[in-house]
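In what follows, a single structure is set out as structure tokens and then discussed.
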């Protein structure tokens, strides 16, 4: 724990995480465009720096936790990489584009620096409590170096693979999390128009695959093992979804995601795959887009 | 258990369920267009009937488990209701349109008969094992009458409310189950193109809201209690989903459901609701469609 | 013109068309569930009938113009076909499902009757003025028999092919007409948010392919002749549409159809077809759905 | 015509347009990263420059015609604006984001320079022939200054309004042009699966509103004049589109744009607007997104 850690970006998530690091005994040099946040960290024995370059000059490892790709790219490329001494390491925890992550990692490598992408899962309230989840991309050595820092800020740490896999895993994860919010909205709007009792409906849904049990169980026993024999065939899923969309349209409940899903099932049937298990919809999409089908190692 | 039970429709699900009833001691009169299925039931002490009308004449309660709205409607309206004696009851277990359910229930009532809609959840393999889930609509008295029969065929029985709520709950449930299969497909196709390790990616997703924890937990502590203060704001969700779609398009991964979701979030932001919690997307949809917002009784 | 013509369905379109037939000297026997409409036709020398069966008994050719598939099917199957004498002909002008058209045509043929499907294009105001457009499916002989009747009601008569092609052409035509209304809506909403001058914007759009000049010109010189060399490549179209969606999302203009289109282009690029002319998007869709690519006879 | 004109970006479109300017007697200083293109222009009496800064130093007006927002922004901000003498003018003809256009215009203004955005309509073949269309944003004075240049390169010049309106009009225009290509694809795929004769189908479509006559005629006599009384009601459009989607799904023809359109119509109906003319779908979208409804000045 002898590394001096720079921390740039003391926003809603960053400030809590930096404070948690100071509590675990890390020596921090911090910066944010918001001076008040720096002042607060100084109360926790961190040292405030005037700018990102000063942070880099004073640190062995620099953590960035910033709002978007352009800002991260500017700070890391313009101030951190040029000022960090050889053997140093940059850990970016922002949610940004994979291209930006890859470009920063390449710049860091060219400068003799390590690089880790470690975007944050869970909510701000988890960051406050030191209970975040991290999806980490980086070499084994770099991961080992930052692991104690991550453990100071969170409780679940996934080493996803080489540099860039943290960012990419975060995007896949948030794709599901965000889309589910809208999909749940469509389902509950339909239930409301149908006049169903909300408590009872939720009770039913909680016990079925509506809670995405497929992702947890079925996918892994079926299509991801190469088994596409029908437990529930795409033809039946298409029949049900057609019934649902017709009922919803008759009742004036617009279901944009549901409508997109139905046409996706129609592609599967158009290709003669209607008799396959509905978990194999992933195969249909992969084949149409020239992507290797996902399969678990047996 | 003194009711004689008619069972019409001995297909993939129906046959197993009927057999399970005979095993629990119910006296069955059965019919199917497929004579072989009737023969098989006869080996289980059920009595085969030549047609649906003969089933109805010999029964107190008639169960139908048939492929689609048109067939159910024809059988129940044409053969069962006219031939069942007053005081009898029809229980339809098919997955059909709510309009068909309502029309049959009205016809049954006019003829002095009870009516229950009880579509089947879970897979065919569960039906085989007597482990189905049922979503039941009907009066308290009618539900009490069929409950022992349902217990002979399944392990989880939800009384959703009055007639028609079983069918409607099934549609809401299958809406989520089917759409999730396609949404999971989009997420896994993206993960594949990103070159992520499948085992590791699933391990991460299993511990986050990607498994629709929102439906199980967050919704019920946030928007459904009337609290739309942001844990995770729609503006941030929109920023992430935009990042994801741009990365996916750059990598040539088509995400039709994700694209529909992003535009739905855009409506929320256009209405000045971007600062609200992303669980409140259901409110946005309900307001635009003139549907009462869902709220739990406190 | 010696055929006695039955006309069933005197609604918004049917009444005007029937009146126009009487003005051109046709002898009409008419029925509608709305007695007032029958009364009005009687003032134009048509003979009112008590029901559809009476119309059929008194006619050589029966025209139906009714609201939906179920009603048409019931009237034609239940009253017209059984009561029309051999050698008679049924011409259905309703907009209904192709399956219904095909089933009625088969029933008519089995009864020794001719059958023509001739749904109506253009607006109600055109029907009033005898300026409708008709898309007609039927044999050459049947078409020749009804042609004078259609000429009494409209100005543009397309013989699309054998029975069923009238209905199907109508569906393809209305698909474009209805979808265009929503697509125009998305374009104009974007223009409004951009603060563009409406008159000037329309002036520009009227002189470009935004008025679907592609359908009129480019398609026929490019992909439909088998030429997919780029005038405007799918990659460039995807780049532009991506630019548009990002600008629209930044400005909070939801574009659901545009978003669906962008992902469709992404499929084309995923298949390595990004360098082809954007008119070849039809080929991409046809290949993914197992449909023969459309090509003009050279 | 005494202005010396700099031309940066001699790609597929730019080279032809620059050559056309030399033919009309303009004195050009040109640059491109592709030296061969510069050589070709020198054969047409243009003067080649080593880089963009040299172009700017030698010119009164600088035209840029470059591939994307980032490149244009870098060239204009980094080389053109700093080196163009006061009173000069920048005309960007690239298709880029409105934000980039606005930022460059602001930078030009701050440096005492004029700015015009003039993206190019029509195809590369039109640029070759000097028959391009231009959508121009800029002040009256700046427009007057560049007009002779545009007339040397094209035949149709729209002055859309102040700076930024050229770019925005281009995006609205290309939104329709690109989306129509996919929508036509869906329509023709449906026609193919239906087994319709292609020549006959196109003949029918060319004479109806399938060629977006609504944009040319109906919109301007109906909703844009504030008249939403139905010529063709949204309820009927929804009924037809539902019929079409059901037929397409039954026949396994996936229609992603059509599906998105149907749900949009469902919103209109959910708001009690189903009785309005289908041209008023633009009003429904604008109301849901907080956009002022488009209306023509009467």
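In order of appearance the chains are A, B, C and D, and numbering begins at 1 in each one.
Convention: contacts are C-beta pairs under 8 Å (C-beta built on N, C-alpha and C of every residue); 3 or more make two chains touch, one makes a residue touch a chain.
Given the structure is predicted, the values throughout are model-derived calculations rather than measurements.
Using the mean of the Cα atoms as each chain's centre, the chain most removed from subunit B is D. Centroids built from CA atoms put subunit D at 31 Å from subunit C. A straight line joining the Cα centres of subunit A and subunit D is 36 Å long. Mean C-alpha position of subunit A lies 47 Å from that of subunit C. Counting partner chains per residue, subunit B shows two or more touched chains at residues 246, 252-256, 259-260, 263-264, 266-267, 270, 288-291. Shown here, the protein chains touch in all possible pairs. On the side of subunit B, the complex with subunit C involves touching residues 238, 242, 246, 248-249, 252-256, 259-260, 262-264, 266-267, 269-270.
Against subunit C, the residues of subunit A that register as touching in their complex are 256, 260, 266-267, 270-272, 288-291.
Interface residues of subunit B facing subunit A in the complex, by the touch rule stated above, are 68-69, 95-99, 121-125, 133, 135, 156, 158, 160-161, 165, 168-169, 171-212, 214-216, 219-220, 224, 231-232, 237, 239-241, 243-244, 246-247, 250, 252-261, 263-265, 278-279, 281-282, 284-286, 288-297.
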